[in-house]
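Look at the two complexes coming up: chain A is in both, with chain B in one and chain C in the other.
Presenting the complex of A and B:
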């Protein structure tokens, strides 16, 4: 009964109430969106690498090395000499090791040199392996395997030629040595989707005619290059798996104290945690700001209810005359506020999902963050409850005023 | 003879190499110990590195009798894992190995001594597998001796020299139900009042992770 009254009373003032609800909806959508992006980013990052025990690179920060070698974000780390790589590979603790060489690009996508072992050793999302949606791995020197996004964006299929550019975003092309797409990987939701994978030797091969960062002008024919020793002199990083987890720290210490070259071995999970510790401050700030937006919206609602009190004085008086107790009027106002907040929060949810649907592909391709669309989590339901509860609290102030007025005014309202 | 010449040649060649020393120091924060924890197939291995500051309240090599007593009693405490770490009872873990020693950073010869110490001790500890913990206390005494007295001169200048003593502890447990190792508590903080924080890196079935164990909440939870 009183709920219907409240709903109809809101309906009677649909414009102002609508604006208030919209403000609450937007603020809730913003708050939940921040939360969603935060958890989505964390999950995305954590899912990108699994099964790799150590990542080895030149000594830098562990976060920097992890971001560059796995996520291709941030500043490049120094290279590691092939000799050090082989020293590490020869350690008894090492079960497998996969080298990675970055530095060139194809259109907007990174080119990564590695070995065939990458396709079996690289694991993502709790141990899933890479799969081919078309074609197969690297069989020839000039074979390239492309990620799902590369294929989709550039419309490539198996057998198409690819020309690798020197460096990133440069206009110098390695057009004397074209590659051939030999396989397309199934979508993984990781940076691999946006990577062109070639053999480690191929990276050497396309740089045969390059000395000190410039083209020498000669063009060595592909047949000659195929005969050459294409053992790389340097790599960017290496993924390492150990025989036993109990040996990880020992191997890590050995690599970190390797006297011939300053190297860094990191545990992926630890480096990610370090990253979250850094990002955590910004996350808290974002949550704080979006939380304040919700508070502002609720304050706006409070102001609206206050303003409506005057125009509704006569209405209140009539209710009192019809037998409504002052307590009923207080309850009515609080209920109205909770209704507004509730509708606002639900609308905010809808806005969030619409926004997610619209922005998801862009966020995925621009930042590599896959935002899942799922049923609201317990935590998010608490947010809605919190907003409704806060609205009830915020409306208490004007409601108490109405309570007092309705006691004093009676029927004799002088406006 | 020829072999001797070769040896001579080798030593001459080696000399300039060793002269080109690398100078680097590890990070060292007072009040922060580091823990490395690995779990695989029911074996739990942990090594704890604590700055001397956290354990005994000073970082120079013990020179006075009181300092030496402090180091000795600290070592004795550390050889009893119950003083440092509590594994959940449900996991049913048995102690398999204990290794405790003091490590000082700036004497290369000293370091080598210690490496030998490691080996010997490990063998001993294996032999002692089923023994009571008291046995290990003897080992701790032995390790005390490794603290050479020649540090004494440096003792008062340790700040400038960056000399830092560290306590290294290694425990190995064999657990029947390692799945039940959900949380590990650290009585360590109650035992050593100067310790404030342990920075723990761990590797388990599900991957690696990093956690800060604080004095206020001395627990490491492993998902």
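Presenting the complex of A and C:
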């Protein structure tokens, strides 16, 4: 009965209580949204690469190499010569090696040159392999395999032509050598979904008439290009698998000390840890700010309870006259605050999931972060419990005031 | 010989921090089933006296006994429980919870009074019976106070005070908001139900015309003195 009366009391002040609940709901949704995005980003990054022992690129920062080679974020400052690549591939520790060549784009999507080995060696999300939802791999020089998001965003299907642009943000197109979509990859939740994959030789082919970053003015026919030696002179990076995990560090040291050119070999997991350390400060700041928003909403609730105390003195006097102890009055106000916070937290959760449902595809395609819609985690349940607990604590101050008022007014308040 | 329903002996009380208002009551008692009208002007200490009798505040000195129980022997919590079990209160302003249904309003005291709850047995049926006896239609139980007329709200307040048959009913100017004709009807119903429950009734009012129905009519000056210290 007390719970029902507390709920009815809240309902009687639906406008002010509703605004308070909405403020709590929005703050909880923001807090959990930040948390969801943070964990989603970590999971998405961690799931992006699996089974690759080393990533090799021109010497730079390890995080930079990881970002441009795996996540297609940023650009390489230098390339790896084909000779160096072959030297690494010839090492006895190497089980497999996949070259990747980046630099061009199609619409807003990166174009990556690689070999067929990429489709079998690239693993994600704990060892899953790439699969085709339509078509097949690279069988012709001008074949292109596109990721699921590329196909969905641009409405491509197998057989459609693709014109590759030179560079990442360029208006110059390699329109003299169009590609054809030979296959569409199944959704992976990784940057591969937003990548156009072509053969390594194809990258050389479209740059036959280019020199030092500019067009030479010649237009070599495709038939002639097909007859040319299209072995690349340089690549952007390489993914490496070793025969034995015990050999990883030996190979890494050899590559890092490679005398012919400055190279960097990194362990993806270690580079990811470095990345988390860098973004950790921003994460904490975000969590702190969103936490303060929750605190502000709870302070707003406390102010609302304080403001309503005077007009509720008669109500408290009724409770006292009926036999309620001052502690019951205190408990009633705390219960009301917990109800408000509980409803606000649940509403916040609902808002979060509605937001996730609406924004998830956009976040995925824009940032490559897959935000899972799943049952609340233990940590999230603790957050909700914490909000309700904090609301109980915040309401103690006005509740104690009500306690004192009910002692002073007794049942004879005349207001 | 049974204990009186209410007895006050050499009681004094001063509200802390309220301009030095002091109330003294040398001797006052009510027998069981008796109805007493206590007349007094505004500010004469009627409400303070009722707060003392109900155990909301404790007397600084003297003895207050309700149904033979000395209130001084009870702590603050004990007085709250005792009030819930033994005293039904009717307010001048009706004081119904505006958001709760009439059924919940009438049954509210039972939440804090197990003995009254046992006496009421089926509390909803008892609330309906009291409403019917007080001339309220059955459907009011499901509505809220704001939808009732002033007269209906006052009857609901009576039903709330009477449910579970507390030995003492305390009424603080319950007729002040009613016109003369409605006052008469209301008092008739109140007296019928108080008699039916076997309760004692102490009503305070400034309206001398109500006196005819009561066993005794007293002026507050006859039993208590109040004074306000001059700063």
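Keep in mind that, in the parts below, the second predicted complex is superposed on the first by the 410 of 415 C-alpha atoms of A that agree within 3 Å, B and C clash if a C-alpha of one lies under 4 Å from a C-alpha of the other, contacts with A are read in each partner's own complex, and residues count from 1 in each chain.
To be clear about the criterion, contacts are C-beta pairs under 8 Å (C-beta built on N, C-alpha and C of every residue); 3 or more make two chains touch, one makes a residue touch a chain.
A quick note: this is a predicted structure, and the numbers were derived from the prediction, not measured.
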Using the superposition on chain A described above, determine whether A:274 touches chain B (first), chain C (second), both, or neither. first
A:314 in the overlay: touching chain B, chain C, both, or neither? Say first, second, both or neither. second
First (chain B), second (chain C), both or neither touched by A:359: neither
Between chain B and chain C, whom does A:325 touch in the aligned arrangement: first, second, both, or neither? second
Can you tell me whether chain B or chain C touches more residues on chain A? C
First (chain B), second (chain C), both or neither touched by A:1: second
Just checking: does A:11 make contact with chain B only, chain C only, both, or neither of them? Give me first, second, both or neither. second
Check the residue A:346 against both partner chains and state whether it touches chain B (first), chain C (second), both, or neither. neither
Touching chain A in the complex, chain C uses residues 47-48, 50-51, 54, 56-57, 76-77, 80-81, 83-85, 89, 91, 93, 95-100, 104, 107-109, 111-113, 160, 172
Of all residues in chain A, those that touch chain B in their complex: 50, 53, 244-246, 248-249, 259, 267-270, 273-274, 277
For the complex, which residues does chain B have touching chain A? 22, 36, 38-40, 43, 45, 47, 201, 203-204, 207-211
Where on chain A does chain C make contact in their complex? 1-2, 4-5, 8-9, 11-12, 314-315, 317-328, 410-412, 414
